[in-house]
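The following pair of complexes shares a single chain, chain A, combined with chain B in the former and chain C in the latter.
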Partner chain A sequence: MNTQRIGAIFEKDLKEFRKNMMLLMMPVIPIFLAFMYSRMGEGELPIFLLYLIVGATYSAVTTSGMMTMMAEENEKKTLRGLIQSPASLADILIGKSLVVGLFTLVSLIISLAILGNDTFLAVQPIIGLILLFLFFLLLGIGIGLFTKSVANTSAYIMPVMFLFGFTPMIEFLNLGEDSIAIKIADYFPIMQMIDMHETNSWTAIGIVAIWVIAAAIFTFICLKKVSTDN
Partner chain B sequence: MENAIQVSGLRKAFDQQVAIEDVSFHVKKGEIFGLLGPSGSGKTTTIKILTGELEQTTGDVCVLDTDASSFDSTQFKSKIGILSDNSALYERLTVYDNLKLFCKLYGAPLERIDVILDDVNLKNDRNKVVSKLSKGMKQRILLAKALVHQPDLVFLDEPTSALDPGNVIHIHRGLQKLNEAGTTIFLTTHDMEEATKLCDRVAFLDNGTIQELGNPDELRFKYSSHDFHIETTTNEKFVLGNDSKNADQIRDLIAAGKVKSIQSDKPTLGDVFLKLTGKELV
Partner chain C sequence: MSDYTLNYEAAKDEKLPSVSLDLNESITTAIYSDTDLQAELIEAILREGKMSVFDRQEGLYDRLTVADNTKFFHKWFGCSMTFPEILVMFGLQTCADKPLSKCTPSELARVYYAKYFMMDHYPVVFHEPIQGVDLHTMNTFMNMLQKLKENKTPVLILVSNLEHALLLSDLTYKLKENGLQEIEVAQEQLSETTTETEQNSATLTTSKLYKVPAKVEDKIILFDPTEIDYIESQDGKAQIVVNHESFSLDSTLAEIEKKIEPYGFYRCHRSYIVNLQKVREIITWSKNTYSLRIDNKPKSTIPLSRTKIQHIQDTFDLK
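Let's turn to the complex of A and B:
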């Protein structure tokens, strides 16, 4: 790992991100959602709606942004030039993650500011949000390593979005309280975060941390596979 | 070590076919070495093995005193420059920003950018967005990218194949200048004129094996029939062997003022390749 090289990748990807309409649209989605909600009604928004914003930000900006950037490097054959250079894969991934992280942060802060909600301004939710960010980022890296074209990314982003980004929507499927799907979904990261707000329990944070570890293992396996593909 | 590249008994087999078979050669430091062969002969595969992008099936490879197992190291990567057959640029960024990225990745001073842009004749295009440029211009930026960090050794996979003649001359001059400054150049081409003009030594590759190796001029001499082709003032053409028994006849023709032109047979590298492999180099 080398900070100068990470800085070079960061600078390059920041410039590219700003010139890529598709990527630039993504941070706007949650802000737009927040704006709609803020018009909807009086009083406090239910927690699960706040987490729809968080889920939208993380899946549309973090995961999708990372995947799109990696897919484009693969598709346009520019990744090869980076790999041939002294930059390590870690330098490349960290540089990109910083760009994605920056846009995620900006998008999330603006969205939450629009809602004027301070539910997240406490230690537990902030730790949870950081873990959640890592989870979505690692998913984006893992899938991105294999995505050969930008056109393919939407096929991958949909399941991520609906499974992990919009998990609370499962309520609207009318599956009934006892449904296995709902019981499993309760352990998904965003559901655990919602739970945490009701119970203030650290167990929820622990479960999210386990999701992060699982995502890290997934990413690690992807990395191993890509680097031995010859 | 004297040699920048040392290869022996190299073989590369893909799932279905053998791309390289028993290839051995060396490239001296400071040399311009050309790997010549028709499309599919194994040129790109050889470069990929020499730069660590592919692993050989068997054989020994040593580049800049580095064993193939260490081609992944930062130290090795910063000493070489690569122009691949399908290298690419960041199309949304400017020429300058593209080169800036690689300058920083290789730890080279940013002042190098303007020097190298001058070398590839693109000084006035430095702030243009890459997507707006012609194929030939992009190829020259890729070359600049491969050279921006002043590597000890550069690999150029068909560096001039997409360029028009005016640019080719410019690039050749740039490569010669670079070589004079001490950079070893390993290039592949199927352009025989280019090879003849630039290379100190060439290797002919066909079906993954080396058919011949040597200095271009020496090879042309080696495969010459050494015959004299004579054209007379009366437009008669005939061929005489380079033989003492023909000396009087040639002398008499010249003495009688009957010779319009006299040339010794000197095949082009393309002719030599055709002779060796029965293939045209395209």
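Let's turn to the complex of A and C:
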């Protein structure tokens, strides 16, 4: 790891992010959603809506941002000559993660502030949110390594968004309580977070942590594959 | 002396012959060949994996400005020169705030040069480095070569244009299917050609009506000397260049030189005879080398030997 290189890529990507309309629109989506929801309901918003916003932020900003940035580098072959070793690839990924993290944080804070809910200001939900962020980030890195063009990212982001970002929406599908889909969906990270919020249980956090580890393994396999391909 | 040796065995199913070449750190080497052989040579270099070829084909960050791009590479490669020094060295200070998407090809080329310079590879291989760039950019590139020489980095340049090869390198090879050949440059031939020119003045009166015969398939085309831009030597045979086209002659450069000299032609380089009427510019590069720019459609630049500059200056009454 080389802090000078991480600094270089962070600075470069921060400037690029500000000039790329496609990336810049992403953090606006959850803020816009939050604004709509806050106007819709009277009084307290249901917890699952809050987590829907969190899921939207993470999938639209973190995962898709990471994927788009990697896809752009792959498409234009801008990284040719920059990556001499796996260490320099790691530097690039860390630098980009910092940029994505910064924009996720800004977008998340603004949308939660619009919703005016302070139930997140506790130790447990914050740990949960950090774990969730890592999960979505690792997913973005893993897929991003293989996306060859920006056009591809919109195809890849869809399953991630609907499976992991908008999991609470499954309740609107009117499947029965015993439906197998609902039972499986209950173990998805966002659903576990809702569960944790209601019951204050640490096991839910544990299950989210397992998801993070799974995503880390997925990313690691992708990294291995990319470095052997070259 | 830490020379770098390039060594490739001929593979069975390829045209590329065995290549063995010492890259000297104080001499810039160029290999001139047609594009097919060049592609195979590059493939061989890349397959070995020790060197990367700089061909300006990879992308840069289009949305960012010249300064942002350069600053990023400067930081990423940990360049020992300061950032303003790099900007000035590559003539980028005037377009520093322009986004790359609005830059001219020449400005982009200079950003690429800056990137390649800061990458600090050993040795360096350039592929068609000055194809389609302006004079200022060519000069920047030659200054960079000078700097690389000072840093004791061996440089190899691959081009498909003989003029570029002679301009950029100190030692030029020609790669053909039967192997590498060195192209000798000037000097030793000088005394010989001067005696030739003395003889030529005598024939001036007799060759009043002279046309240069070139063979194209079955026909013989007669060229008026005034329409010829220049004559170059290709594999020992002279070749007439008129705008984009070239026509081979049966005679050698020395033979044609005798006949054509009265019409205002001059042997400005071992492999070139130029029509002095068509010279538009005399370019002086920073490292005391010269080129002649011809007033034809492609605006060809042809090399001018150091030893011949005096004669050109006398002819045009320059000081």
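A few notes on this one:
Keep this in mind: the second predicted complex is superposed on the first by the 224 of 230 C-alpha atoms of A that agree within 3 Å, B and C clash if a C-alpha of one lies under 4 Å from a C-alpha of the other, contacts with A are read in each partner's own complex, and residues count from 1 in each chain.
Rule of thumb we're sticking to: a contact is a pair of C-beta atoms (placed from the backbone, for glycine too) under 8 Å apart; a residue touches a chain by one contact, two chains touch by 3 or more.
Here the structure is a predicted model, which means the values were calculated and not measured.
When the shared chain is aligned, chain B and chain C each come close enough to touch A:Q4. With both structures placed on the common chain, the touch criterion links A:L82 to chain B and to chain C.
For chain A, the partner that touches more of its residues is B, with chain B and chain C as the two candidates.
When both complexes are overlaid on chain A, the residue A:E16 reaches chain B and chain C alike.
Looking at the shared chain after the overlay, A:K224 reaches neither chain B nor chain C. Across the two superposed structures, the residue set of chain A contacted by chain B and also by chain C is 4-5, 7-9, 11-12, 15-16, 19-20, 76-78, 80-82. Against chain C, the residues of chain A that register as touching in their complex are 4-5, 7-9, 11-12, 15-16, 19-20, 75-78, 80-82. In the complex of the two chains, the chain C residues touching chain A come out as 52, 57-64, 68, 71-72, 75-76, 78, 115, 119. Remark: chain B residues 51, 53-55, 74, 77-78, 82, 84, 86-93, 97, 100-102, 104-107, 145 touch chain A in the complex.
Residues 2, 4-5, 7-9, 11-12, 15-16, 19-20, 76-78, 80-82, 84-88, 230 of chain A touch chain B in their complex.
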